[in-house]
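Sharing a structure, written as structure tokens. Questions coming.
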Amino acid sequence: MNAFPATLLIFALGAYVAGIAGALLFQRAERLANGIGFGLAAVGGFCGVLACASALATGAVTASQSFELFPSLIPFVRFSIHADALGCFFGMIVSLLGWALSIYSLGYARGYYGRKNVGVFGAGFNLLLLATTLVFLADHALFFLIAWEIMALTAYSLVSFEHEQEETRNAGVLFFVMSHLGTGCLILGFLLLFQASGSYGFDSFHALGNTLPAGRRNVVFLLFLIGFGVKAGMVPLHIWLPAAHPVAPSNVSALMSGVIVKTGIYGLTRVGFDFLGTPPNWWGVTVLTIGTISAVLGVLYALMEHDLKRLLAYHSIENIGIILMGLGAALMFRHSGHPVLASLALIAGLYHTLNHAVFKALLFLGAGAVLHATHTRNMEDMGGLAKRMRWTALFFLVGAVAISALPPLNGFVSEWLTYQSLLQGFGTTTRLIRLMFPLSGAMLALTGALAAACFVKAFGITFLAQPRSNPARHAHEAPFPMLLGQGILTAACVFLGLFPTLFLKLFDPLTQQLTGQQLSQQLTTANGLVLSGGGAQGGTVSTLGITLMLLCLLPVPLGLWLLFARRSRTRIAPTWDCGLRGLTPQMEYTATGFSKPLRMIFKALFRPRREVQREYDFSPYFATTLRFESHVEEVFQTRIYRPLRWLVLRASRRTRALQAGSIQAYLIYIFVTLLALLLFAL
Amino acid sequence: MFVHDTLLNRLKRGCETMAYPAGPAPALPDRHGGALRVEAAKCQAGCAACVAVCPTEAITRPPNQAVALDLGRCIFCAECIKACPAGAITQTGDHRLAVRRRDDLVLGEAGREQLRLAVALDAKLRRLFGRSLKLRQVSAGGCNACEADTNVLGTIGWDLGRFGIQFVASPRHADGLLITGPVSKNMELALRKTYAAVPEPRIVIAVGACAIAGGPFVGHPQVNNGAGALVPVDLFIPGCPPHPLTILDGLLRLLGRLEDAPRRS
Amino acid sequence: MNLPALVLQLLLLLLLAPLVSGVIKNWKAKLQNRRGPRPWQVYFDLAKFLRKDMVISEHASWVFSFAPYVVFLTALLTGLMVPMVHTPAPLSLYGGVLAVVGLLALGRFFLALGGLDPASAFGGMGSSREMTLSAIAEPALMLAIFTVAITAKSTDLSQIALSTQSATGKLLNPAHVLAFAAMFVVLLAETGRIPVDNPATHLELTMIHEAMLLEYSGRHLAFMEWGASIKQLVLMTLFLNVFFPVGLAGPGAGAGALGLSLLAFLAKLLALSAAVVVVETTNAKLRLFRAPDLLSAAFVLATLALLSTFLFH
Amino acid sequence: MNPSAATEISSQAITLMATLMLLVQLLMTAQRMLLTSIRLFAIQSLLLAGIAALVAYHHNASHVYVVAGLTLIGKVIFLPWLLNRLVHRIQIHQEIEPLLNAPTSMLICGGLTLLGYVLARPFTSMERLGNNTLGIALTLLLTGFFLMINRRKALTQVLALLTVENGVMLAAVALTSYGMPLVVELGIFFDVLVAVMVLGILVYRIRESFASMDTSKLNQLKG
């Protein structure tokens, strides 16, 4: 990589390290620790974005070599980073989010003054950013695993930052256990690769799949799929995500949902495309199926939530599902030998990764601002915040429109690309497997529509109508840094949505490296205004055109307004309440009510359970107190993880008998094993 | 199968809507005497036979003045016709009863033997509601007779929709209220709120004796003696209950859709 | 995109949409043996609503007044993307069928938010049901579109229309018939017609689409109603010109051909309206939780259509 | 005497002393008196010191002298004194009866000796002085281990552990021509020293809380 981006990248990493040191040094002075910690993180993030974006844009990334950060004292480990196209792209995501979230955290951390140690919080945040960036840029398996472990540990410590509540501690432990199960699989996978290639360097792993025997290759793929799948939050392994993200402080959950989850996607892409060469067909089919299931289940469970941050966490699972659909399709195309379609599907998947990182972080920041103001995550106690928190409401609305894949924002663009790749995928093979493409396309449509329903609920119940509790009634707008953080991400959402053709150039080095195709010319027509689905068959869409046309059509209603209704006046009156004594906030629609029809329709999946306790004095018709409780069964928890845990406990209870408590017994065990080994050695 | 039979039956029956107002008005039932005609001149001096017999005290005869029959309070029981020795009160069989002002309903003096029928809305309102009037029906404690007759207008025979008049669910969509019933104390707040919920310009139609003056419940402490006490009423359609033809005639007259209606310039 | 075609299609959209819903109302009345409102009654209603004042709820935020314009404009814009008279729709470059579905979803998104804003229970109920049913209808719609797009090898509506137009045999092949049936059910669901939702009901508890409009008045209500009728026209046109592009003028057609194409389009539109009216007259509204069964039946139909694209030829 | 004759005599002496160490070990297995066990252990350590001195003298490796001296001071004088003091303070002189009675344990020790020799056979070529001292060292190790399992009293188990350690030291001294590097020797030695001290305290504590040195009482802790 030529001079400018490399030095800037090193400067960014240095800024993070300085941020850690600064935050820890000035722990005592909270305001200073906050300023330095997050300030330096913001500077680091900004430099990171500049470095990676310029490297990708100018194509300098193709000429980059790996270089050692610092000499390694430990044998076998080489702390070397190599900012290739894939690493740079994900580095750009983490830096962009790091920049916006740090600015947001300057305001958010004020909530912790006097309560928690802001210095440690800032240092942890910087360390998390540093570790994640290194994960993306690491060029050596062991260095990758070290960075991965630091990331997991810092994330754990930040997730359980507010460890006073029981719920936080449990979520932290669950996150810890699940992420280390994944890391275990990763280590095995890397060992197998090391065994095949002889060295830990990533460059030696390149296209290793072709040399590996088929059985070994499948095992490696499965190990990496599980390992990275846990971190990405695929459906069977997702249970930690909706537990861990809501309890974390909002800027951390934004970073986790936006970026840490993407390390799983980065891993899968690196292994699937870079390491293991041309994949067999069943890999792509598995990833596509898992993606589809994750998408649909993620959004269905999100709909049932009335905890704002759990809702957003489930949506992370849904969007990861959509990204996996893109990757799965790309893998299938690589198998069937269609590099152009493979690059299109890959671009769709990775573009959605970037988009999801941006709008999910934006939504979490919005949720954080709401939490900051109303001190609750329960949507049933919110309401009417749009009039009290104007800017946060606007930013949350933009995020909601983006995540529901509605034109003209970025969610729509990446889902449109996914549709195009799925549609054109139908023609690639003649075997029955091609039916998967349109069916997963239909499931993607179902997901998109359910996501729209979910975010009408999320935005409507939280921000519109009357406040349903006193904290919501006295809510105040978030401080300026928090708004600035959200503003940056909103601008990113709009910009990514309106000018997709500009960003497709960034993907050229990426697809060149992974699939050997450069698609940005084929995907842009009408001198960069319109995005096309590639080739003659692909349809075209221009979000910029749509927005401009919407503005051009504005005179029609305005003209009608002037023509007919110039003298009409507007009167503010109470909402029509059928002549009763007025609508109280309790009469409004709540999150549970809003999702009731869907809970009834998908009864088989949710198995809803509701209890109504009614206490009354003399006659059952005049209840003194009424308690209503409704639960949606966590199917994965009860059907898979609880029986699994029961088996493990039973097995461990049985082996406890070994612990007889007498020294003789233990000595006998040692002696017997010693003898066995000696005999075996004969 | 079902769809086939339904369609054939419907097509065979063809349009069953009456021709009125283009064609002749349907005949009133013989029990329905139509409008009343009061000639105070025929009254014998000092005779107050009709005043005593009227169940809703609609007829008053102050000492040395002419008899006054307030059609708004009259429930058309025709007792006064039988009781009047001089035959001063007669039924004209005319179904048209709608009036714009409350005091137009008082009959008796020289020039006012019969009702002066309602004039259409002024030009501005007629341009607005002429072709499309959406009403919100408020039953303020009524006995459901007027409501039933208003409802009849929606059936296929009368088909109120063909004139562009429609009853809507929400007052926000409505242009006016059609009030029935004596506006009981319990419905007072509801009526007030419904009126406030209708965007201007709005009109109010009081249908039936109760809505005009409290009908048989007039003077009762739990009743506000009609809608006039709460909201400005634009059209009064007397009767207990007024015949659907009378209500329809009132509505069309209000919108100026009847040729013989005197148009105010 | 040429400006005159765009302006013409815009005017056509604005004027034809209320007429179509007026005709449907009138024909429904005729089938109920009553004369019913005249087809152009909807114009009078819209004109009156535009002139009237507005009453806005005190709890409503800016989203409430923003929603009508979004609904109206997105409906108009989708109308310009769909080939009505002239095969390459004026804005076909800016978006294919996916953009049309996306824009309609954007309109529905803000319509539902507008329903929730004034804090009335009916509005919330309407939004919840609308979003639920449209979510269930979406996969069937997308699969039907996929089927047709696969046979036409593009999601661009003009391409689809051209390809179905060129191969005359295409109209009768089973894939098209099944996709047509699925699409028709989705059309009824999306435009809030009888089997799924009753547009002429007064009972708030049974409303789906109307419940969200209960709080709107004056010109907001006018734009909402107009937007809804334009959306209905757009969906009907999408339905017609994808499955029966008979008589659709080719790219370089002269004025005469355009006139003929307009007449063919109107004839097809009236035929489809007649079909809708017949369905509405002879069916009762389904209970809310039976509607998903109908829509999943549509989904199965669409899947069969997809299967038959390559099973039978 | 020419050097070869000297090596001959010293290797025979070393083999003799190693065999005597084995004999002492078997005696410890058989008898039940605590004080005699301690004395037997002292004798065994003395023999080990002798072997170390002989090897040091023969290879004139000075640091092995240090090892021999340490063994002498530590294991012949200091540890037996410490354990005797402990026994007198606890006033228990006899172990009631071990898990396996004497004849069976003797049989097992025989088997272990056989195993030790069989295992040591491939390595005999590496020995400098004394033939198959490695076999004896391994046997010492195994029988020490068995002794630890067999006995209930904590004190006897400590002694058994020390004999195991003697076995290891014997292997180290016998196998390597210069003996293990001094630092390893010191490490092992001090390790053992500390271990014994800790075990001493432990024995005292067990005696304190369970009123008997029987370690099988410990399983009450498990609950």
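The first chain written gets the first letter, and so on, giving A, B, C and D; residue counts start at 1 in each chain.
The working rule: a contact is a pair of C-beta atoms (placed from the backbone, for glycine too) under 8 Å apart; a residue touches a chain by one contact, two chains touch by 3 or more.
Values in this document were obtained by computation on a predicted structure and should not be read as measured data.
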Nearest-to-centre chain - CA centroid comparison: A
Which of A-B and B-C has more C-beta pairs touching across its chains: B-C
Whole-Å gap between the CA centroids of chain C and chain D: 96
Length of the line joining the C-alpha centres of chain B and chain D, rounded to whole Å: 123
Interchain centroid distance [CA atoms averaged], chain A/chain B, Å: 67
Where chain B and chain C are represented by their mean Cα positions, the distance between them in whole Å: 42
Shared interface positions of chain A, touching two or more other chains: 569, 571, 573-574, 576-577
Contacts with two or more other chains, residues of chain C listed in rising order: 47, 51-55, 214-215, 218
Interchain contacts, given as pairs of chains that touch: A-B, A-C, A-D, B-C
Of all residues in chain A, those that touch chain C in their complex: 383-384, 386-387, 393, 397, 401, 404-407, 412, 416, 419-420, 423, 426-427, 430, 435, 438-439, 441-446, 448-450, 452-453, 455-457, 459-461, 463-466, 526, 530, 533, 536-542, 545-546, 549-550, 553-554, 556-557, 560-561, 563-565, 568-577, 583, 585, 587-589, 593-598, 600-601
Residue ranges of chain B in contact with chain C within the complex: 2-3, 6-7, 10-11, 13-17, 128-129, 131-132, 134, 156, 159, 161-162, 164, 166-170, 172-173, 175, 197-201
Touching residues on chain C, where the partner in the complex is chain B: 29-38, 41, 44-45, 47-48, 51-55, 201-204, 207, 210, 213-218, 221, 278, 281-282
Chain A partner contacts - residues on chain C that touch it in the complex: 10, 14, 47, 50-63, 69, 72-74, 76-77, 80, 91, 93-99, 101-103, 105-106, 108-109, 112-113, 116-121, 123-125, 127-129, 131-132, 134-143, 146-147, 149-150, 153-156, 159, 214-215, 218-219, 222-223, 288-289, 292, 299, 302-303, 306-307, 310
Sites on chain A touched by chain B in the complex: 569, 571, 573-574, 576-581
